[in-house]
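I have a structure here, written as structure tokens, and I will follow up with some questions on it.
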């Protein structure tokens, strides 16, 4: 076994492969066959046919790109003009959102009215898209290291203590960013902003804190259990409250949620609590993405 | 005449060109990371097209004041803004799933080239077959 | 306003072309982040501040971060091969 | 608002809620909850079908929220949607029951709650698309289906599944991007997203002949987008890997439910948004016919060539999707009816083939190549028989639903112009012959005299019951074909 090990490695030296000393056998075999295979078939340098096909391939892709663009442009040519008032888009649907949005939805941000009150079913689907993505990434990346403990990944990122500048910066910035994210969520129905953007800003604050103080300190108050609990309660609250408003709406029952005085924080009926729920889901998901990508464990 | 229309509708024309570039990057580029960036460009091109439909020159953002005194005619169309908000979050979720798939694939096959991955997966599959026999 | 919008659109198209032409993945990710920031400006010019905040926080912020993390992890897997071989 | 009209809304919200619940429950609890919810919604769908199935009953709309349709969202349920509300939960329940041992085995046991939560989201998206009356709502739930189906493929994290998952994601994202661009262009031309209002303004546009180029491009974009996602022939390169490289319940769910959701959306867009004469105007139906013919032939040819059992079943579903698109291409009325009928038959029989095939594979020592499967059916005569029923229905032998759909397709082809009729009948005959070839060969191998050691696997009653239910579905689709066809034609007439 010793001599063919050298032969394999000599073959792939110009691939800047490492000078392997003695690895454990299982890892060695998998490791070698991969290097061996990689360099055998795809080195474009010597293989001129491969280089030629690369050139043809590149020219073909430019042609396809130009073709698709031209066809679509040719079709788009006679669409309604940009920024004109008489476009078919300005019809009775958008007119009602603008005119009666404040009375019916209660939010001064008419886009928030439309998202969380008129077309609430889309946004319910929307936060479930985010939940699907979080579950998919969880399935894919969780335990990426724990299974192959001796896999290179485990030894790849030694826990270097974060440098003091980052720690000092984080101590000053984290609370401010968290506050700003909370502000965006709470004022989602009064001005631009809302659950999605506010949640992402809060997620960024959590990411900064984790990066500065390390996952152990972060794990004390935000572990996988809290992640699961928060996203469960937020999504369950969102689905139940929207189910209530759909049910009362469809069966023409009066809904007990009042719109409150426009402009006040506690106005716009369900829009504020829904923004808070969406904010928490987005915050947990964004932090979860970061944690899963970095360490394979929340 | 065509060029003049294109110049007038230049936001929509730019969106369509970006969509074409993004689509072909997604389809024809071999590197996984480039594919994901191409997909993200394709999506933001469609949202740029959608948002430019709702724009009315001279109108302001649809934020009513507390007393409701601003006239309804002074706002732009809120529907595209709402739809694009949904779309941006869809685009981020899909990017996150694709990136995690890329990391898993790289950890398993040590390459970012999709052709190589499919080739290695087929070979790995035959090895499993022989292992079973 | 017209000139600024035209300029931004040209930058957007240049970004897309540059991503296709660059060899380095890190450069591609940085161009992706720049693209999101330019889109933020375009949303502001199209009078939709809601989209600007969301694109800035969710588009430029988190997805670019995920791109850099994915690249860091891929390099970690590469270095991992070197590290584990030099370990013993 | 009658009480039973709340069933569609209730089942969608229940699935969304149980997606969140399943992710926090322990594996056993999540399994019980998922099965209970699927059973409940199956019963609700059956009740809805009983009420809406009567001839002359009209479809009703359910206002999601306090505002009527063009402003708020709305879901609309008719006879066809009620039929789907029975089919979708039923097939998924059978897939989860029969695929349970593979799910909770080995290191995947701790990840089963996430798997079930994804299945709940997939079912919520399927039902919302079947009921929805708004194009952008369809896009959002289409995106949920793409992501959750992609996660179902890569559940096992094996090399093959990951590669198949990536190819699936790349091509499906192209498909949903094209669909979204079609929806956005439609909104630009008409200012509406609600299907009825879109129909009215599109008829007005077609009358004045305005935007003719854009309308053709929009129909082409939506058709190509949804064809990519439902693995029609030229865009099917991702399908054989995606349908055959994961746990058996994922294979069954993907090939029998996910691609069906997209075809139904295409049917709804043709019937309710464009209207068949606008589609004829844009010549897209000829495109669909050519793709369908090619798919039926090359799908069966590839199924013959492949040397592995599960991949053969996956390739045959590419051919069967060609049959369904043949029905869509043959046009409103008879063509749609044949497409929906074959969609029901294929959904039941494909799930049955994958699930019972997995049992046969396990009893033959888990290898996928035909050489090792010799005599597998003798070791498991029950599953062997069930697999044979599924194979007969796809070949189209009497007493199975497949025969009815082939007769419908043939009958509908005769009503078309001679060249289309001749080619369709020739392709139907040729592909049936090819089907006979590869299914007969497999059955001969399965039923060949058993020489190896007969390792009689454990017969789980639940799994057996599930496969039996699917086989019953195939037989029912033959014996009760007439009432089923009436319900489908009633549903289609309510569609537009």
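We just call them A, B, C and D in the order they show up, numbering each chain from 1.
In this text, a contact is a pair of C-beta atoms (placed from the backbone, for glycine too) under 8 Å apart; a residue touches a chain by one contact, two chains touch by 3 or more.
Note that the structure is a prediction, hence the values are computed from the model and not measured.
**Q** Could you see whether A-B or B-C has the larger number of C-beta contact pairs?
**A** Looking at contacts between chains, A-B has the larger number.
**Q** Based on mean C-alpha positions, I'd like to know which chain lies farthest from chain A.
**A** D
**Q** What whole-number Å value describes the gap between the mean CA coordinates of chain A and chain C?
**A** The computed centroid separation for chain A versus chain C comes out at 14 Å.
**Q** Roughly how far is chain A from chain D, going centre to centre by Cα mean, in whole Å?
**A** Computed from C-alpha means, the inter-chain centre distance equals 29 Å.
**Q** Please list all residues of chain B that touch 2 or more other chains.
**A** 10-11, 17, 19, 21, 23, 27, 29, 52-55, 61, 63, 79-81, 83, 85-86, 88-90, 93-94, 96-97, 99-104, 107, 109-110, 120
**Q** For chain C, jot down the residues that touch at least 2 other chains.
**A** 48-50, 54, 58, 62, 66, 69-70, 73, 77, 81
**Q** Could you tell me which residues belong to chain D and also touch two or more other chains?
**A** As it turns out, chain D has residues touching two or more other chains at 136, 140, 143, 147, 150-151, 154, 157, 187-188.
**Q** Spell out all pairs of chains that touch, sorted by label.
**A** So the chains that touch one another pair up as A-B, A-C, A-D, B-C, B-D.
**Q** Which residues of chain A touch chain C once you look at their complex with the stated criterion?
**A** Within the complex, chain A contacts chain C at residues 18-23, 27, 31, 109, 111-112, 150-153, 155-157, 184, 191-194, 196-198, 200-201, 203-204, 207, 282, 286, 289-290, 293-294.
**Q** Which chain A residues qualify as touching chain B in the complex?
**A** Contact set of chain A toward chain B: 34, 37-38, 42, 57, 60-61, 64-66, 68-69, 72-73, 76-85, 87, 89-90, 93-95, 97-99, 101-103, 108-111, 113-115, 119, 122-123, 126, 129-130, 132-134, 136-137, 140-141, 144, 151, 153, 191-192, 194, 196, 262-263, 282, 289, 292-293.
**Q** Using the touch definition from the top, list the residues of chain D that touch chain B in their complex.
**A** 136, 140, 143, 146-147, 150-151, 154, 157, 159-160, 162-167, 169-170, 173-174, 177, 180-181, 184, 187-188, 193, 308, 365-369, 371-372
**Q** Help me check something: in the complex, which residues belonging to chain B touch chain C?
**A** Going by the criterion above, the answer is residues 10-11, 14, 17-18, 21-22, 25, 29, 31, 33-34, 36-38, 40-41, 44, 47-48, 51-52, 54-55, 59-61, 63, 76, 80-81, 84-85, 88-89, 91-92, 95-96, 99-100, 102-103, 106-107, 110, 112.
**Q** Residue numbers of chain C touching chain B in their complex, please.
**A** Result: residues 5-6, 9-10, 12-13, 15-17, 19-20, 25, 28-29, 31-32, 35-36, 39, 42-43, 46-51, 54-55, 58-59, 62-63, 66-67, 69-71, 73-74, 77, 81 of chain C touch chain B.
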